[in-house]
Amino acid sequence: MIAIPFDSSQVMQGIASIAPEAILVCTAITVLMADLFLAEDGKWLLCWLSLAGVLAALGEVYLLGSSRIVGFSGMITSDGFGMFFSTVVLSACALVLLMATGWSERAGTQKGEFYSLILMSTTGMLIMAKGTDLMTIFLGLETLSIPIYVLVGFQRSRMTAIEGALKYFLLGAFGAAFMLYGMALIYAATGTTKIPVLVYMSVGGGMAGSSLFLAGMGLLLVGFAFKVSLFPFHMWTPDAYEGAPTLVTAFMSAAVKAAAFAALVRVAMLLFPGVSPAIGPVLWVLAVLTMTVGNISALGQNNVKRILAYSSIAHAGYIMVGLVAGDLLGSQAALFYLLVYAFMNIGAFGVLMLISQKEDDGYDIHNLRGIGFKYPVLGALLTLFLVSLAGIPPTGGFIGKFYLFSAAVKNGYIWLAILGVLNSAASIYYYLRIVVYMYFMTPEGEVVTPHTPPFGYALALCACAAVVLVLGMIPGAVLTMAEQSVLSLLM
Amino acid sequence: MEPILFTLFGAIAVGGALLVVTRKNPMSAALSLIMSLFAVAALFVLRQAHFLAAIQVIVYAGAVVVLFIFVIMLINVPENRLPIEKPTVYRLLGVVAAGLLMIEGGLASRNFSAPATAVGEVGSVEAVGHALFTDYLFAFEVTSVLLLAAVVGATVLAKKKI
Amino acid sequence: MMGPSAYLILSGILFAIGAIGVVARKNALIILMSVELMLNGVNVAFVAVGSYMGDPTGGIFAFMVMTVAAAEAAVGLSILIAIYRLKETIDITELSVLKW
Amino acid sequence: MVSALSNIHEYLWLILAFPLAGVVLNGIIALVAERPLLLPADGHGHDDHGGHGDAHGGHHETPAYRKLVAFIAPGMIFAAFVVAVLSVLQLTRMPAEARTVVQTLFPWIQAGGLSVSVALQLDPLSSVMILVVTGVGFLIHVYSVGYMSHEPAFARFFFYLNLFMFSMLTLVLGSSYLLMFVGWEGVGLCSYLLIGFWYEKDSASTAGKKAFVVNRVGDFGFLLAMFLVFWNFGTLNYTDVMAKIPSLQHSGILTTGLATAITLLMFVGATGKSAQIPLYVWLPDAMEGPTPVSALIHAATMVTAGVYMVARSNALFMLAPFTMGTVAVIGAATAIFAASMGICQKDIKRVLAYSTVSQLGYMFLACGVGAFGAGIFHLMTHAFFKALLFLGSGSVIHAMSGEQDMMKMGSLRKHTPITFWTMFIGTLAIAGIPGLAGFFSKDEILWRAFSSDHGSPFLWAVAAVAAGTTAFYMFRLIFLTFFGASRMDKEVEKHVHESPFSMTIPLMVLAALSICGGWLGIPAALGGSNYFEKWLEPIFEGGHKAAEAATEAIGHGAMAHHDPMEFILMGASVAVALFGIAIAYYLYMVRPEKPAKIAEGNPNLYRLVYNKYFVDELYEWLIIRRIVDWSIWLWQMFDVQFIDAIVNGVAKTVRSAGDETRKIQTGVVGNYAFSILLGAVFIVGYLIWR
């Protein structure tokens, strides 16, 4: 019998490293329990309760700060990098919950399960972003995915929702299997799954000759590529986004993408340099194809949700540009862009949720006719978010794209930058199309009447708009933060 | 002894897997899946992973596939309403692609070699338990969240009235 | 003499067969089983590598994969039940309202 | 007071702050006061006005908020103008080599080796620009108050207009390429909003879209150029970039190839914004917007941003002879090409639009032959007379109750004397009649196109023919509009009236500027001092120095200012212009009436006269009609069919490619999984078999 040693300082350190996650899980369970005891007209409390938990977790993230805490024998590390992505994910979650205050009622998601699933998914995201062991990354991925599969199909009486859930689930499991196979091959090649050890082994091309390791990295990349929806692993995206309740779509597009990119950036910054001559071209091709396919497919769409889904694919391609560049600046730009992207995308979905009357048909672009002048604030907000998505100054989207493409130019990927800028130019067309419908198309019949957002919802929209604008005009602080967090990763 | 047993159980596992993907009736597929899973459990024993072999039988073959069978019987699609599946070029391409992946995986795996010193008492209940509650405690805890999410999710989607 | 790579190759074969099932079948239930098959194939690799290396990670990883597989099966099957209630089919080619 | 003035440069930010305040105030007013307009209950009134709101009779009480807007919007611009004038005056008192004032407002981006502040730079070049932008902008704002007085969305209009002014001033006052780009995008957005202002018109919203899409192609070039500058210079500030050129040249980083790449990409950006071949297509369509918008954005300010960018980067352009050649050739080609298409237009605003494209071509021609000062000089004078012409045409349209077809005008001279005389002055100026603004700037360009190291007689000849063509079509416009018999609808004719003072006073001021504006730059050959060129010299001498260093050439010394050739060419260009006017006079004043009159009075005589005129007929048939036909053909074939087809074709191809790409999204999970599997096979295969 081997006694398990108990080292209280290590346990404390471990608990400290996962304190935000612990808060989230506790909140999730509390919400589930509270749901049992609350009367139907008291359910609105659940949302605020969840929000309080998320904000507490966010506060805890900042209490922990960017100091490095290695927890649980190196399974998870709380550091500046984790802090950055925790901020992104938790703010996205908080925004979504704020919007849920005015939305759940009519969407039928005013339920303890809904909120606890969101919270558990967020927990998974934090774990994935902070994981320093392939196992942790995998478990984080699953913990974030399983609730999302369910959330996509939450309005299960709607055929599109449940169909989207099925597709996302089957492909998600399929994609996760690839990632797992990759991890197994990496493990076979190196005998470890701990990222720091892998870095030690692969640095300076130590593993570049091992086809086992290369194949493992390739399959790992496939898994990540699926989650961040890179071509040709992107096909689930439009379907799942369209089918899901819009609030969940907003959450997925911002938070899931950020978490998956967090792990991808970690792996890319730490492990890809060791195999860069092999994997560099792969990333290059993926970035270009993803941008192009995403943008081109969005051109002829009439469903606004699908447009934004394809746009989210294209944006994954832009962010990949930063990873192709592969240096500090590139990753920093990717981080910054993910933050901006979270806010502008949630904002855009938030406005659309108010305008659309119902899921599915409600998101037809024709419903936007005449909105712009009749509801100037909504119109202006949506225009702002779309302008930012299109990468036009003075919005955060522009700064992000500027950094991404200039990182590419700096590292000699001129053609990548050219293709990226061309793509960005093409993407204007479909963002603009939405604006044109809002402002320049006369409505056939009545202009739809958007829902009046309650206070929390309006607050979320204003916060998104403010962040998008502030990051466009004074991005310095956040850029520095992104830089610091990438540096803390490289330490 | 190991090569012979490996070949035997490996063949059963592959055969069972092939049956899973070729059977028209999901029930036969599920039973073939059990066969394959049992064979894999035997392989685990060959690699001295006794604990995992037990778990494989109890959790995988026992619980998961039973769940499958339960659902198959619950929704009980009549034989004549099962999807009609014919060999098409697309399917052939799928097989070819999967075959290519297999060849690639095989080529990559070919030069896998283990350090000669390795002695494995890592698969025993005690060793696994020790690792699970020391180095991998966190992973173990995360699975609890994962399972909770799965329970809540499954209820939300499958119960009659929410 | 059989080398340790034989287990990895077997793992690849099981994985590929599972992949064929996912790509080629129309019956959602069988697709789900094929995914389980793929995960199972991966487990063979983890366990074999772990035991050859004398490292517990492989075994633990396989253990985690089983847990995940169980969770995925539960969620996946409940999605199927919900679908069947709504549309009385588990044929994925009939479940293609969302496209383009 | 003196102390406040002595450091007026510390208040440079006010030039931006005033329009911004206007944006905010007008935005609030638009939201509060014009909100009812946006609601469907009042939708009818909106439609009635919006459709072709240029002019409507009917007198109604002006609401107080409209008076407020009418005061705020031009007032803010005027305040900015005052600050600009004071700043420039102080700049003139500084020694020539110290005339660069940079005011840092706040740090913007400081990370990853990039350090960009929001900073304003006042130097001779930007001082010219801000004076033109605020000055002409102010006049156009005043004019708009009258012109848009019947527009229901009055505050919204001025909100956009002030927003435009803010962006444009950011563009010209910013101290770095990044800030220029911000302004560049901003003006593009405003231009798009204002072109589509009457969005109920389908053509208006399509035109707006076209402008935006075409401009993106240009922006693409600008962005890439900016990246290249940043990674080779490590900075985007103009002063730092210019300062680093010698050392980078020395260290071999800044090769001719790099300079060519950067400048060509910049020029792609400039062709988009400044409507040069092949990206000029959006400008004629942009005339769907209200006329003051055409005057402000599509004639005087925004479209000259490309010229400003090229002039701003002159030091880089001088290092790239190939780009210089391209700029010159494109400029000259655009000048003649657009001028020839102006000949056949019937819509009064489209004539002016093609004319703008053509004049912008002149400016680029000047830049391309290294005469950046002349280009900027022409930019300024063009802003005066083209704004005048556009506003005049707006006044005409106003008088004609919205009619824009010149074939339905005529004899307006009697009804609208002020408009006629001011437009006549503008026409003389653009035609290059000696003494007026256009003469000096255009002649400077023609002379430099001929004499500069980068120039050639061929470029001169092209530009001179374009000048003659310009004179022709501009006088055609004048004759068709103001002279001859009335071809107006009876109904319209009853209402023809001179515009109110708020519209005519800006016309008169601009007319005065169109006369005197050129006197700043009277060339030495005519006994002037060419003050304008001297003023800009500090900006452009850096470029010439750098170019000399690159070619290792010994300085060419001062340009030979007293070359007798200059007088000959000057005379020739004036002669060409007069010839153009003469043809226009003959065709549109003499010819159209004579045959008809004679035929009425005496059939025999008619035949005689007809025979006598037979030579003329032949001549006309052989040459003049051919030219007009050719112009129409060119316009139809090239502009409408070819270029439009390319633009639309590319859009259509991409879109149908998109529709095809989407088709792989079959909706069947298995196919999606297959795609993932294939992707994995390719990636792993590449990695292990590489």
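Chains: A, B, C and D, in written order; residue numbering restarts at 1 for each.
As a working rule, a residue touches a chain if its C-beta (ideal position, glycine included) is under 8 Å from a C-beta of that chain, and two chains touch if they have at least 3 such contacts.
Only a predicted model underlies this, so the values are computations on that prediction, with no experimental measurement involved.
Ranked by how close its mean Cα position lies to the mean of all protein Cα atoms, the top chain is A. For chain pairs B-C and A-C, the one joined by more C-beta pairs in contact is B-C. Averaged Cα coordinates give chain B a centre that lies 6 Å from the centre of chain C. The centroid of the Cα atoms in chain A and the matching centroid in chain C are 25 Å apart. Rounded to whole angstrom, the centroid-to-centroid distance between chain C and chain D, based on C-alpha atoms, equals 64 Å.
Computed from the mean C-alpha positions, the centre of chain A lies at a distance of 43 Å from the centre of chain D.
Multi-chain contact residues of chain B (touching two or more other chains): 90, 94, 97-98, 101, 104-105, 107-109, 111-112, 115, 130, 135-136, 139, 143, 146, 149-150, 153-157. For chain A, the set of residues touching two or more other chains reads 135, 139, 142, 146, 149-150, 153, 156, 165-167, 170, 174, 181, 185, 188, 191, 211, 214-215, 238-239. Shown for chain C are the residues in touch with two or more other chains, namely 8, 11, 15, 18-19, 22-26, 28, 31-32, 41, 49-50, 53, 55, 57-58, 60, 64, 68, 71-72, 75, 79-80, 82, 92-93, 95-99. Residues of chain B that touch chain D in their complex: 90, 93-94, 97-98, 100-101, 104-105, 107-108.
For chain C in complex with chain B, the residues that touch the partner chain are 1-21, 23-27, 29-30, 32-34, 36-37, 40-41, 43-44, 47-60, 62-64, 66-75, 77-82, 84, 89-93.
Chain A makes touch with chain C in their complex at residues 135, 138-139, 142, 146, 149-150, 153, 156-157, 159-160, 162-167, 169-170, 173-174, 176-177, 180-181, 183-185, 187-188, 191-193, 238-239, 242-243. Of all the residues in chain D, the ones that touch chain B in their complex are 670-671, 674, 677-678, 680-681, 684-685, 688.
Of all the residues in chain C, the ones that touch chain D in their complex are 19, 22-26, 28, 31, 92-93, 95-100.
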